Amino acid sequence: MIEFRGVNKWFGPLHVLKDITLSVEPREVVVVCGPSGSGKSTLIRCINGLETIKDGDLVVDGQHVGERATNMTQLRTEIGFVFQQFNLYPHKTALENVTLAPIHVRKIPRAEAKSAGRELLAKVGLADKFDAYPAELSGGQQQRVAIARSLCMRPKIMLFDEPTSALDPEMISEVLDVMVAVAEESMTMMVVTHEMGFARKVAKRVVFIDAGAIVETGTPEEFFSHPRTERSRAFLSKILRH
Amino acid sequence: MLTNFSFRTIVEYLPLFGQGLVATLWLSVLSFAGALAIGIIACGMNLQRSRLLRAPAKVYIDAVRATPLLAQLYFLYFGLPRLGFILPELVVGVLALSLNSGAYIAEIIRAGILSIPRGQVEAGVASGMTFVQRMRLVILPQAFRVTIPPLLGQAIVLVKDSALLSLISVAELTRAGQLLASDRFMPAEAFITVAACYLLLYYGLKGLARGSERWLGSRTVRSRA
Amino acid sequence: MIWVQLHSLIGSYPLALRGLAMTVVLSLISLTLGTLIGFALGVLRADDSRTHSGVIGAWVDLIRGTPFLVQIFLIFFILPELGVELDAFTAGIIGLTNLASCFICEIVVAGIRAVPTGQVEAALASGLSRWQRMRQVVLPQAMRVVLPPLVGQYVLLIKDSSVVSAIGLTDLTRVGWLVVQRVPNGLLVFALVGLAYFIVCYPLILLASRLEKRLGAAHAEVQL
């Protein structure tokens, strides 16, 4: 579904992605973790073209990302992206946020989109917040709306860029619960996160990236209990402290 | 017309344009200095607690900002002689420009002062400073930094506004253009040259503004609150 | 003496009304056209397309770097030589609309740039096209930033309309100039002219600052 082949990227002189080779199969859930500045966010943002790759090949849903022949706008309708900062549209209600793209991009009739939207919002636990504006919602609620917004497009792939890093601790689990539910419905997912409990529960593989390069991959069990490299061990000791 | 655009005539009139350019610069500098003085005083009055001091300042600022410069210019030009002041056009012009820009400068300074966080004032008060000391040592130095860019912006506006003085026969750049246009029936040559001269002044002042921003930026230590 | 003058002034009532009407009509037409054109250019310019941005940028510099009086002279005296038949009113409309479009374009660009990039990224990630992004996400949020300076700009443009009196257009300022020839009381005549402009402009100035206060406070991005 997603395949990185020898992908490289530079920000000026800084080499932020080094020879990334990684593939994600359909219905697979892959968790990407690493210290800050490791390039994990850049990695996931390349998949839907928010960042461009400078070298190598990136194939998503059979299409080559970054090549002129590829219609990125069309491809993005198949990829859902959840941001760390939620990025909900402040001038639209929760329901309007969720139905905006389906109505204008997929050209789904308004009534149909709205009922699908309500269904999704109810599924993420916000049945009473259809007409609320983002400013009236807590961080956890906003992120759940953001997830519903991506899901309403019925994408083939869901990408999560540190979805809980900007949340107060008590709201993290409500968002993770929704993500677990998405995973259990056999969605292809790539999640950049530090939440190890989540990884253990639903991830098929954990990818550890540091300083732009993939250091280690393995099942959650392997990675958390028996990390093979020194850097993985150092990283794990820091985040498992609490 | 454009086929026989006469560069020779422009060159012939260059001394006149040169004089006009210099005159525009001079009266802009004078007017700006006057405007600064008026603006500082008006702003100072406007920030006072006493209504007696604030009212005239507010009336002045509001009246100037809601009426066109040309109307203010004619008001002085036609009105001052009635009060017994027979002044040369140049003086009337500089007075009008100073009074006009003074009001805007007063607002610029006020915005700059109000942009200083309350905590700064409170720190000054807590150290036992008087109003004047607080202003001099804490508020104004910081406000200075903030006000320089918009002040330079107002300077640019003032240079452009000075063109209106040509309408009361002050010898400056636009008037030079009017003379060429009427003497030789060459409005194109005249006003294109005039426009080019103003653009020179404009880019010069913009360069100054950019340079000052860089200079100010390097000297300040941004405190990360 | 003053009674004679006042009598004469009141006799100028029809002329004054014509002048006021001229100023109002000139301003309304130019501001409306200028807003439409300015918005269109602003959206184009904010698009980061080098060619658009460069050409529009050069034109903006030209308009911002020269006095409006000179622009009016250029339009009024030169266009006829290029074959365009022009009367003072049309020249005034062209000049003021041109000026308005330029400044409004800049205001719109600033408003669009003020919308957080996260919003654009979210719209991008949903697969919205460039035009849909602009219309559904960027422009509505940009309006909050655009409205106060836009109203302020309207005030400036109404005042700038007085410059058109220099090419003989009988607007409010020119009426003052004409009347003062017959009623040599500059203070009184232009105080009245000023009052007329004040009545039109001051409410707009108040509106601009009220908008600034209300929209500025609400501009706080959705808090995390």
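So that you can tell them apart, the chains are marked A, B and C in the order they are listed, and the count of residues begins at 1 in each.
Note that in this section a contact is a pair of C-beta atoms (placed from the backbone, for glycine too) under 8 Å apart; a residue touches a chain by one contact, two chains touch by 3 or more.
From a predicted model like this one, the values you see are computed outputs, not experimental measurements.
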item: Contacts common to subunit B and subunit C (chain labels); value: none
item: Most central chain, Cα average position; value: C
item: Chain pair, most C-beta pairs within the contact cut-off; value: B-C
item: Inter-centroid spacing, subunit C versus subunit B (mean Cα positions, whole Å); value: 20
item: Mean-CA-position distance for subunit C and subunit A (Å); value: 46
item: Interchain centroid distance [CA atoms averaged], subunit A/subunit B, Å; value: 54
item: Subunit B residues counted as touching two or more neighbouring chains; value: none
item: Residue numbers on subunit A that touch subunit C, as the complex places them; value: 48, 50, 73-77, 79-81, 83, 85-91, 100-101, 104-105, 134-135, 139, 142, 149-150, 153, 166-167
item: Of subunit C, residues touching subunit B in the complex; value: 61-62, 64-71, 73-74, 77-78, 81-82, 155, 159-163, 165-166, 172-173, 176-177, 180, 184-187, 189-191, 193-194, 197-198, 201-202, 205
item: Subunit C-facing residues of subunit B, complex; value: 1-2, 62-63, 65-72, 74-75, 77-83, 160-164, 166-167, 174, 177-178, 181, 187-188, 191-192, 194-195, 198-199, 202-203
item: Residue numbers on subunit C that touch subunit A, as the complex places them; value: 116, 118-119, 121-129, 132, 136-137, 140-141, 221-224
